[in-house]
Amino acid sequence: MGWLGPAEIEALRLSLRVSFWATLVTLPFGIFVAYALARWRFPGRQVLNGLVHLPLILPPVVTGYLLLLTFGIQGPLGGPLAELGIVFAFRWTGAALAAGIMAFPLMVRAIRLSIEAVDPKLEQAGATLGASRLMVFGTVTLPMILPGIIAGSILAFAKAMGEFGATITFVSNIPGQTQTLPSAVYAFLQVPAGEAAATRLVIISIVIAMSALLLSEYVGRRVAKRVAGS
Amino acid sequence: AAASLKTALDEIAAGYEDTTRHEVTISYAASSVLARQIQAGAPADLIISANEDWMDVLQGEDLIEVASRVDLLGNGLVLIGAQDTEPTEIAVGLDLITRLNGGYLAMALVDAVPAGIYGKAALQNLGLWNDVEGQIAQTDNVRAALALVATGAAPLGIVYRSDAIAEDRVGVIGTIPEKFHPAIIYPAALTISSGPEALSFLTYLQGDEAQAEFLRQGFSLPEG
Amino acid sequence: MSLSIRLQHQLSDLALDLDFDAPSGVTVLFGRSGSGKTTVVNAVAGLLRPAAGRVAVDDWVLFDTGQGIWLPPHRRRLGYIFQEGRLFPHLTVRQNLNYGRWFAPRGARRESPDRVIEMLGIGHLLDRRPAMLSGGEKQRVAIGRALLASPRLILADEPLAALDDARKAEILPYFERLRDEVSVPILYVTHSAAEVARLATSVVALQAGRVVRHGPASEVLADPSVAPAGVRAVGAVLQVRVAAHHDDGLSELEAGGERLFLPRIPHRIGDELRIRIPAQEVILSSRRPEGLSALNVLSGQVDTIRAGEGPGAIVSVRTPAGMVLARVTRRSVAALGLRQGSPCYAVIKTVALAPQDVGGRVVAP
Amino acid sequence: MSLSIRLQHQLSDLALDLDFDAPSGVTVLFGRSGSGKTTVVNAVAGLLRPAAGRVAVDDWVLFDTGQGIWLPPHRRRLGYIFQEGRLFPHLTVRQNLNYGRWFAPRGARRESPDRVIEMLGIGHLLDRRPAMLSGGEKQRVAIGRALLASPRLILADEPLAALDDARKAEILPYFERLRDEVSVPILYVTHSAAEVARLATSVVALQAGRVVRHGPASEVLADPSVAPAGVRAVGAVLQVRVAAHHDDGLSELEAGGERLFLPRIPHRIGDELRIRIPAQEVILSSRRPEGLSALNVLSGQVDTIRAGEGPGAIVSVRTPAGMVLARVTRRSVAALGLRQGSPCYAVIKTVALAPQDVGGRVVAP
Amino acid sequence: MGWLGPAEIEALRLSLRVSFWATLVTLPFGIFVAYALARWRFPGRQVLNGLVHLPLILPPVVTGYLLLLTFGIQGPLGGPLAELGIVFAFRWTGAALAAGIMAFPLMVRAIRLSIEAVDPKLEQAGATLGASRLMVFGTVTLPMILPGIIAGSILAFAKAMGEFGATITFVSNIPGQTQTLPSAVYAFLQVPAGEAAATRLVIISIVIAMSALLLSEYVGRRVAKRVAGS
């Protein structure tokens, strides 16, 4: 990558790291919430559903601002967490948090749809064979929704790679810490003659996201084949 | 620092690092974002804003060292058009409507983004505001306004001089005389949590080397 | 072990309301399509929560709305063979078969997978996925999966309907073995008269959600007035001993000093068996028949004559080999002058005693 | 109308390679689970594209790999009754039934929906969705859906397996009517000997993807060496006329001057019928039997004696009523001294002639 | 809504209009593309797939800029379309275009997942009953994927309601034409003391999006009930 400056390579690596962790850490939550929304009826279900979708609806800047207020050093959650050693403010972890939250609705929607497509009769069959609810989930539901999980994760990863508004508002644009590819693109776009550099970074984003997409298609197809067996 | 300073500041910071072996980390974002982050306790030492209002807010909340506040840079507003448009003098009675020819005048948000606010004031002072008010395409930042003109979407635009001179696809029709708008100031200040190196960098920014670079990028130095 | 079931539940236009005890062995649920058989089985499995009722295996209560007991399905230790298979599409046949074993308690009685696989003839399918199986193959895997879960209760909803006769004949003995040796209670739904006749310890006849007849299989089967499995399933059961195997493909059985011949059966000489003699297949004669192709003739006296609806009657004949039932026309009863105590001969075709009707051991209810 | 089928295709471990012509009427595909029956039906339906082959109804070619003809499934005008139902879950029963009718060409022969609904006993289900049906109800709706599509070819993959005997007995005549009156060719997969015996015009026995026996039903059924439907399905067919209905619940039939009694049948006096007499149910006697409960005795001479595998033999007896087959042991053949031309008596139990075996009209192949 | 100024009501109405049309017009394309991706194998399938996801990956500003280049008055598509009377530049239609394109990947993903969950055996059954491919789609596939279509549409609508970066870059912010709620929110956030007004607008966005969500849950559940029949 001779045509990338060290700062750009830095941004690329950071973006990958942020998106990777954002996806990985939100995944269990995403699966849990999707399952709860798909299969359980509980009071507050619609509230949860609304909350999950919030980042999609709000302008990213607003989400970032809310994150800043909540998870900032002086925020109601940021303070206590900081005492536990978990600091989000102006760290790459914060960028991951922002990206994860922005990507969360996409992930949940995808997984939820695939859970809803699983025939409860198969889950029942698992139960009669002695598998507890959790076991049924692990051995029947989870494998059958793998295509949805992969789809949801890649969608989330792609979204995280492209996330910008909430991230820059929450954790700013600090090279090496929070300057992800999109932030770098933004910075380049703010100055004269930055277009060339911005274009370069955009192309990198595209290449990475497309590779992830292709990979997910490939894996998803193989898994779907296994699941459908045809 | 304000995002529009990126090119210049990157150069200057590199020079500073070479001479002092101190490392400088610069985060570029919109002035409003930077101000809010400092409000929220961002670990910043120095802020260079494109917007005096936000600096006033921070000052009001005692988040900056009042003594260190300086007007670091200035800038000018220009009216731009397609590459080959004829330069004209900008004065009261400018035939802006005719030149727009039904198209839009590209500006940054006229009530929110500094470039837009200055531009609106200029248009008001030029007595053109009421005429063009309905024909303004506002963008979230100056660069986007510049892009509208550069791509031909809008025939005219009002942007910073520093942005206009580097864009080949637009031509400067004329600089808006400073008397028509409030002085465009980039204030800088140390935050209350700043360390000693921050002051040295702020001082460096006001040095000759740095100022020459700013001028090269189309900024001006504040009067006085 | 005995299974007691009491249920009340309202479906869209079926009111389920039943109460019966199933003794150990196979209880066949019998009834027309839509009479509620699958619904009952689902309630026992815990897949449907009935409005009211109680299900227990001996004193192990699966649920009881009165006491507020409700065991979730996975705690009921069931082997449920579903009417529609319900194989896991993402698992291979082998994994499907092993599924229940993963969750079986350590100490549970374990079937040998090899034995089950061999019996079901699915050895060559182990690495396939369900989508690549034929309808009958799927059903066989479903049977295997349920059997290998070490269940304490087997629920079988028309398990053999999709199978061909030869395969049925191979699998039926396995259910018999479960019934006789392992004493797992089996709740078995079927439409097949032959299966009812062969497997049922007791029969529960359902109609529109209610029990219309319930009793030991031998009684219900011998009762021409109900004949839930069709009159063709009425028959008697004789206790016999294998006496000899002959070169011409016949086996000779001995019962109370009488000899019976039937096509070769696999049992060893000396084995004690019970064979079912369908009433359908028995001809009565007032004098000892001669020159008949039928090899089995038992002499005895008429015990009872029960006229059913229609032109038929079931005549029980007490013979040295045991009670034999014959289904004849009322016209013949008159023509032969049969009445209680009349001496008569029961003629049974050799080929009518199919191996299908021979069970290793039939537990009396 | 006749259906000709030639197929070559390789499945995971089954090589399909067959070639047969099915005359008009019902062609039963018979074979063990996994022998390729559903695969053949799918190929005819166009759901599977075989490597090579040709399928045509008379000169209407459905596909021909040689000529490169391939009609997509929706142009084949089929009524396919799937082994697993495949009802549309989002449509009501009524909409499911009507589905095929929406697409049937205007001029097509139309079944009366009311008639079909009534015959299938699904009138009370019309507004339900498939998830609220029992297994048998689903299958009945699936049958109705296929029949109402005005098909030019009916494919039925074990359509009655999930149904109880009474319902089977109600639906079978409908297939017979399709076969006899409408002359829609029917390719019918079943494991049930009774269905084979009753419906089949010709039988194709499959084994591991190949045709092992193919011929008119009456021939294949009379051949003890193949007996694709099990030896119990071997039987003869007699042409009879209804002579009288008696008060004691019996009907009297006349055939070649002989009288036969059987439980009351619904036909009118004078009607011409064909009845199947299972070889299983016939006893032979070397002298006229007396004092027997069996009301039907036909005298005749032995025509042929065919020994099958095992202890049995099929003896054909030429009687005034027609050829009758009897399944007896080889030991009895010897004991009675039967050989070609021997005079003998065929004894048939009245109750053995079940209404199930009586067809309105049986088309000779 | 006494506490909303006329400009704000204008922005609200515009946002609703833009999001509604963005969703409605992209829907047929979304269904078509989702179907093609789910069921057909054709060369360029992966390219199409990548293209669809592009707006998700790219920073919105970049998407907006590309739209400007393509659909601007002098763009390769903008010019010819303008001659046909279809003008996007600085019109609400352009805002709808931007919103639609940004929401497209979400819509396609949701619909595609639900198409993949439809058992092809049911489609085959439709075919044997005489329904052509198109008819099978209309009578079997489409009704069965309705929950997915509803989910996808609401997701798209919500996304469209929140879209800002691409919109403002492409068609800028012209009150009454292209000033949607998020643009207004952004503007308020740029100035000190704009928070109160921004909060007001954000709450409106949330209420609207939540109502849409609730409605979709309700409709989706009813439809799913019909489809699954249970």
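Per-chain numbering from 1; labels A, B, C, D and E assigned in written order.
One rule holds for everything that comes next: a residue touches a chain if its C-beta (ideal position, glycine included) is under 8 Å from a C-beta of that chain, and two chains touch if they have at least 3 such contacts.
Going by UniProt, the chains are A, E = Molybdenum transport system permease; C, D = Molybdate transport system ATP-binding protein.
Keep in mind that what you see is a predicted model, and the values were worked out from it rather than measured.
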item: Subunit B to subunit D, fewest steps along touching chains; value: 2
item: Least hop count linking subunit A to subunit B through chains in contact; value: 1
item: Those chains which touch subunit E and also touch subunit D; value: none
item: Farthest-lying chain, centroid of Cα atoms versus that of subunit D; value: B
item: Rounded Å distance, subunit C centre to subunit D centre (Cα mean); value: 26
item: Separation of subunit A from subunit D, taking each centre as the mean of its C-alpha atoms, in whole Å; value: 60
item: CA centroid of subunit A to CA centroid of subunit E, Å; value: 20
item: Interchain centroid distance [CA atoms averaged], subunit B/subunit E, Å; value: 35
item: Touching two or more other chains - residues of subunit A; value: 61, 65, 186, 189
item: Multi-chain contact residues (two or more partners), subunit C; value: 84, 128, 132
item: Residues within subunit B bordering two or more other chains; value: none
item: Inter-chain touch pairs (all); value: A-B, A-C, A-E, B-E, C-D, D-E
item: Subunit D partner contacts - residues on subunit C that touch it in the complex; value: 12-13, 31-34, 37-39, 83-84, 124, 128, 132-137, 140, 157-158, 161-167, 191, 193, 230-232, 246, 248-250, 261, 263-264, 280, 283-287, 289-295, 310-312, 326-333, 335-336, 347, 349-352, 354
item: Complex contacts: residues of subunit A adjacent to subunit C; value: 121-122, 124-133, 135-136, 139-140, 143-144, 226-230
item: Interface residues, subunit B side, partner subunit A - complex; value: 3-7, 25-29, 33-34, 36-37, 40-43, 141, 143, 162-163, 165-167, 217-218
item: Subunit B residues touching subunit E - in the complex, by the definition given at the top; value: 30, 32, 35, 53-54, 56-57, 104, 106, 109, 111-113, 136-140, 144-145, 147-148, 151-154
item: Touch list for subunit D against partner subunit E, complex; value: 45-47, 72-74, 76-80, 82, 84, 86, 88-91, 99-100, 102-104, 129-132, 145-146, 149, 155
